[in-house]
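Going in written order, the chains are labelled A, B, C and D, and every chain counts its residues from 1.
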Amino acid sequence: MKRNVPLAIVFVLGVFFVVQFFIPSHPSQVAYNTMLEWDMALLVFATVIALDSLIRHHTQKIMRRQGQWGYSAVYLSAALLMALAGFIGGTTDTSFYMKLFQYAMSPMQTSMFAILAFYMASAAYRAFRARTAEATLLLISAFIVMLGLIPLGATIWGGMPRLSEWLMQVPNMASKRGITFGIGLGAVATSLKIILGIERNWLGGA
Amino acid sequence: MMKFLSKLNRMDRRIVFLLVTVVILIPLLLNIQSRLYVDKATHDLFNRIDAIQPGGQPILISFDYDPQVAPELDPMAVAVLRHCFAKGIKVIGMGLQPQGDAIGEAIISRISKEYNKKSGTDYCYFGYRPGGYIVMLYIGENVKKALPQDYYGVSYDSLPMMKGIHNYDDIPLVLSLAGSTWPNTWIMFAGTRYKASIADGCTAVMAPEYYPFLQTGQLVGQMAGMKGAAEYEQLIVDAGYTKSKDIASKAMSAISYSHILIILLIVMGNIGYFVTRRMENK
Amino acid sequence: MSGNPWIWLAALLSLAIFSFLYKDNPTYKFAEHLFTGLTVGYMVVLTWNTYAIPYIVIPLQEHRWLIFIPIAVGMLYFTKFIPKLSYLMLIPIAISLGFGSGLGIPLYVEADLFKQIQGTMINTSMLKNIWDPYNGLVVGILILIGTICTISYFFFSREHKGALKISASTGIWFVMIGFGASFGYTVMARMSLLIGRMQFLFTDWIHLIK
Amino acid sequence: MGKMKMFLLACLLMPVLALGLEPPTDLNAVDTPNDDGTSITVTWKTSASDVDTRFNGYNVERSEKAEGPYIMLGWMPRNSGHYQDNSITAMNLNYYYRVVALSDVGDSAASQATGPVAASQSWFNTGKFNTLFGTIIFIAITLWFIQRAKNGRLFIRRIAGLDAVEEAVGRATEMGRPILYCLGLDPISTVATVAALNILGRVAKKTAEYDTPLVVPTYDPIVHTVAREMVKEGCNSMGRPDLFKEDSVYFVTNDQMGYAAALSGIMAREKPATNFFMGYYYAEALVLAESGAATGAIQIAGTDAVTQLPFFITSCDYTLMGEELYAASAYLSKEPLLVGGLKGQDACKLLIVAAVILGTLWALIFKSDVIYNFFNVG
């Protein structure tokens, strides 16, 4: 019972929505749209569970004065501040909520994103070593593309920009296609195994 | 010497970070610029605009982008507007992306002030026009229908510059500045159907999408990413329309130096690696 | 220097994030927790406004009583707090999973298989311009070989020996060239982001860049 | 007053400027195929006057009676001959259509009305026949191999990087440091996430066996609930339910860069011996992998996010690429049926290669795109 009900649900819904794809009629569209809306509604409840998890995790730290519990307090107060700002002050362009978003949250998001620039450099420096034939190919191709994108490349050799573009469009395309085939087949097979209940690890301990 | 070289194998990553900061900041702060190799597509666009009679028919610039891609596309708009205003070419501005509305206005009014150009006689800005391809079709039939009044609420008939502008036949070039696939739509609905000349300014990431159209001539020119903007800045300086290059050229130098830095880091890393390996083998 | 306190806040928080590059430190820790906290608060408001209101509150107001089905099912998530009944939590999960898996199959067939098969196949338009560097026959054959070799690397039923070894390692060569190119190509986009941040710090905050 | 003047002016000019507008001909309205019964497609032959520069397109009009009144639906520009009316609200109700040619100077010429036509819904999308065929073939092959797997063990080659999963747990135990496990950013319905959860189940068992701490910071609320159960089950199955700690699986945030910032901090502070990055990732992949590399951890990544593979390859010790991630999850489970599925995938690969080669030869020999066109979608 504990396992069979969820497995039956997955089977019925799975089969239904494979078939639904091929049926354009009105009832079929209604079923699809309803399911989509219900799935969104379910997400709201899952969010509550997630919130419960994070509140517990951090309040425990604070209560037990465990480790650096002060930061947990920062975390929870920031979350509370943002949520209250949104619910009380509204979310219009001039609201406090939007100010917090624009001048606190968003700058940190873009800074975190910009850190990638540093990590590109450190990853390239550390990993692009001509240890093996494959690693050498990786390195040379990155080299050519980087040169092709800047004026220096064209100064060294006029064809560099075209070559770098070609590398992106031809060999890169071929390898991505090959990988995508595997992903597509694997995804079809895994979805099928989930629907048939062969892949049932998601049931956990039940 | 060997010892020093082998140290290159394991440099502290913080040194790498410091070097990145330096090569990015110096060109930005000290205004260091390098000469660019100008791509053919950018050159084509420049020549197109440069061939237009001063005081004659206007070009249409469509601000089809959102703030997220503004760092790449704003400098393009600025450079092209400077070119037009310096030469006395009239400009029609509009946009198909709601958030591009204010961006276009800010740029066009700033640059027009630099050249003392007047709204209504030297340029007209119509702001965001909802409807996407429908707007393009309307322009092909009757510009007045597509752009009934400008951004500031002045009606079409009260804009002296728009007198005699009926459809694409009277607009020698349409330039779409876009972060997404708007140029594609322009090609389909204004280019193919009404034989309008279309050019685009796009982000570096989107550029490869448009190479086929450049090849077939469906796009008469293109600025691709920060590099395209920097190339255009260089072209207008070379032609004597402006005195100094602008933000895109600085950013492009920073990008160039950072690429060179990464290439050098890889080379140093490999030297260090081979030296270390040789020392270990001995 | 800017006189706007909001700009100051944005600038100082940006610097706090960047300070992690030197090493983990109290400033970063503070910024990190503030950051994740704000995003959680943001998520709560966003979930309420974009999911709860249109998909739960409005249907209730419009007396579309079928909405009680997902509400009841959603409530089952709360059985997590009742150990004996907690297995009921699997029901909403099963619904999301079943819907997603069923929906996915034909889409994967179209996007990942059919479209790619078409992209790999030589077609008659390629015969017209044999030497075209992007769309010609010769390049088409190169892409065909590259793709098939890459597929062969992902062949799990045999050891990579003999002919399979040759094609699989050719495939890996293509993969490595492709990855290198992607890496190199992405550098520019990431550097542009960093330049954008620097411009904010040195233009909007400290007026150093003109 | 102004309007009045305009009107008088128009009346005066009209006879001079009138084009003698010709109406469009050969009007045809049909029920749009393969839809849910909300659309009718109208086609016509352009008006003979559609060459004059003063010609101004067409108005498409609809009525429930042949004699009218007709209501305008939309305007189509010069040179068009096709309009899809997507505003049908009732199926099997008869409609009549007509198309009116317009000129700049205000005159118009209506075509003959056409009809009656009613919208109906289709129960099978004939445009998707090829997709259906492909779906059935791929499903059938997979099922056949799963069936075969029931009868005996099938051979699967070793997957590089998989042994590392087992080793990693041992290493963490020796070092007395925790293991960090990330499940990616995608929801539960994505295949990569399911595979990542499977591997988590395996890792959880191993860590319970060796009593190694496991840290699972999560991003998606639903994935979070499942991950928690998986880890709990891992401890239970090793007979050590006491080892499960509530706060080892915890929700961080579902903001991409917020998650990356938090994970960077966690890795710098807890210094895990091994980091697992399984599932689907976006730009934050390199932030995670580089922050992890700085702490000296062994890093094992597995993703089907093709765009992020180059970054995992450069900064992780082992990377399971694309399908290898799914294969790893099947392999580690040692479940014969899952391994059977993998065999089916291999058979499908051969089929795809055969199709590609066949289509290519067909194009080369017969100069025809018949096979190529079979794979048209959408």
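Keep this in mind: contacts are C-beta pairs under 8 Å (C-beta built on N, C-alpha and C of every residue); 3 or more make two chains touch, one makes a residue touch a chain.
Quick caveat, the model's predicted, so the values are computed rather than measured.
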| item | value |
| --- | --- |
| Excluding chain D, groups that stay connected where the other chains sit | one piece |
| Highest C-beta pair count, chain pair | A-C |
| Most remote chain, CA-based centroid, reference being chain D | B |
| Distance between the centres, which are taken as Cα means, of chain C and chain B, whole angstrom | 27 |
| Computed distance of Cα centres, chain D from chain A, in Å | 14 |
| Between chain C and chain A, distance of the C-alpha-averaged centres to the nearest whole Å | 4 |
| For chain A, residues that touch 2 or more chains besides their own | 18, 21-22, 43, 46-47, 49, 51, 54, 108-109, 112-113, 115-118, 120, 122, 124, 126, 128, 138-139, 142-143, 146, 149, 168-169, 176, 179-183, 185, 187-188, 191-192, 194, 202-204, 206 |
| Of all residues in chain D, the ones touching two or more other chains | 128, 131-132, 135, 138-139, 188, 191, 194, 222, 225-226, 252-255, 258, 261, 309, 311, 313-314, 321-323, 327, 342, 345, 349, 352 |
| Touching two or more other chains - residues of chain C | 17, 20-21, 29, 31-32, 35-36, 38-40, 42-43, 77, 80, 93, 96-97, 99, 101, 103-106, 109, 111, 113, 120, 134, 144, 147-148, 151, 154, 175, 178-180, 182-183, 186-188, 191, 194, 196 |
| Graph class of chain-chain contacts, one of line, ring, star, complete, other | complete |
| Residue numbers on chain B that touch chain A, as the complex places them | 11, 13, 16-17, 19-20, 24, 34-37, 39, 204, 208, 211, 227, 255-256, 258-263, 265-266, 268-270, 273-274 |
| Residues of chain D defined as touching chain B within the complex | 56-57, 77-79, 104, 294 |
| In the complex with chain D, residue positions of chain A that touch it | 18, 21-26, 28-29, 43, 46-47, 49-51, 53-54, 56-57, 60, 108-109, 112-113, 115-116, 119-120, 122-124, 126-128, 138, 176, 179-183, 185-194, 196, 198-199, 201-206 |
| Residues of chain B touching chain D in the complex | 13, 137-138, 140-142, 193 |
| Contact footprint of chain D on chain C as seen in their complex | 17, 20, 23-24, 28-29, 31-32, 35-36, 38-40, 42-43, 77, 80, 89, 93, 96-97, 99-101, 103-106, 109-111, 113-115, 117-118, 120-124, 126-127, 144, 147-148, 151, 154-160, 175, 178-180, 182-183, 186 |
